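The structure appears right after this line, and notes come after that.
Which chain is which? They are A, B, C and D, in the order written, and residues in each are numbered from 1.
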């Protein structure tokens, strides 16, 4: 199982944090590994304390279902195929936008969850975190195929 | 981080309680500090016992998300961006009207939660509590700017 | 069912609070009614935030088992008849000293729970709260029999 | 209420992390603010995933009861005054060593929780984190009194 490590999780958080600063929206940012387990979390100064649990569980949800939480949300409305999925898994499933899987060579190696703003704000910050990882891989490995596969997922 | 103290919490409860009496609606009234932790609670004679937990968690929710619970409620309906947010944070998120942040010099220093009546009744009592704090600040500090900023928020 | 009301709960809290101040130990103080339901709570400035839940549940426990929590504690040690009773009732049973039933004419009408200091500090404050109620009854009703019955219980 | 911010929380984690590396024990490290709310968490590569919850709640416990969790542990043994306190507060109270309050000018402004090794390993890492904050204050403010007060607490 390929998985994120702490150093990578921190660079992902840094990417999301930079974006959060640039849009003026303090965020909770969390990264989980391939096992869905928390690697690192940061609550920016002024970010909502109620969003800590949500950021951590958005990251978990994105890995647990291997899709963006925004996509899961669409399936989870009344009448949808995953309606009330939030009640499963002891309340850990979050179906708002802002949870994004992290991929390496097409394989999911973890996920980022961001919570604190609107769904648009949370999404762009989570994507910035995911992209920071892609850029970093590219710098290190010059793996152009990777850029494409992550872009497909997060945009 | 500025925060409410017990004396202030009691004056906020007194403001809400007076309003509750005037409209003939016995209420549960709770006040939390800037960290979301309970400072004081009062259940008026005849108020519903099932509303104690709700009042305490409305206050927590208003601080945890830095907005009135009525506003959070609007975002949390089916199809909304925070749909089923009530399942996060181990069931502490209450999305009924009646939770109102308390501000001092524009900074959130705690919150009040009121539960026991209709959403209109809970709201006017919570706002009366918040306004009692503002008036009290004004009496002590004669800070006219504060009146405006709190009024904006609670009306 | 005779039960405490909010005014009485507040006078009980005031009695405990005065004692807490006199011994220099900021406390969480809670009062429940005859149904075990919270009437009022106050966290004094500087009191531990982890003791709020404990104070409320000490009061509940004292009413739920109609005995002081200090007495329940003695029965709840390894080898005792109520060993692991704390795991019942969804974690609400607190078996530290500081929960004291409140009696009127020999009947239990509620309870006080105090948490924030040592078992001795919590106990003297809870007893001061219970005694404030007795004195108040005596002043109002001049019921000398009541003084005796409460003294038996709380000393 | 003075409280830690994210930058301070990160320097505390860095202090604990450096110590954890030097003793060869990968750790979960968490820091909460004055309200007991999580600011930041890091799980070092190879640290136990079951210790994440424990680290976060050790930090919460150290703030909630304003004492080191090692001290709370001594009071919480069978026959002790806080026996089974772990069952209160919805399971958040951790009574193993490794949770240490963080002080500034004698006031508690947050706490660190470390989990992953033996109680000695967790304790030295948590203390290293607390001391990193003290040293940092001293560098910035040259406040020699602070060094003494924190040393008293964390050694």
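Throughout what follows, a contact is a pair of C-beta atoms (placed from the backbone, for glycine too) under 8 Å apart; a residue touches a chain by one contact, two chains touch by 3 or more.
Owing to the predicted nature of the structure, the values given are computational and were not obtained by experimental measurement.
Taking each chain's centre as the average of its CA atoms, subunit B and subunit C sit 27 Å apart. Subunit B has its Cα centroid 32 Å from the Cα centroid of subunit A.
One inter-chain figure worth recording: subunit A and subunit C are separated by 47 Å, centre to centre, where each centre is the mean of the chain's CA atoms.
Shared interface positions of subunit A, i.e. residues touching 2 or more other chains, are given as 49. If each chain is drawn as a node and touching chains are joined, the picture fits none of the line, ring, star or complete shapes.
Every pair of chains meeting the touch criterion is listed here: A-B, A-D, B-C, B-D, C-D.
Those residues of subunit C that touch subunit D in the shared complex are 48-51, 53-54, 57, 73, 76-78, 86-87, 91, 93-97, 118-119. Residues of subunit B touching subunit C in their complex: 5-6, 10, 35, 37-45, 49, 52. Contacts from subunit D toward subunit C in the complex involve residues 35-36, 60-61, 63-66, 78-79, 81-85, 87-91, 93. By the touch criterion given at the top, residues 1-3, 33-37, 90 of subunit B touch subunit D in their complex.
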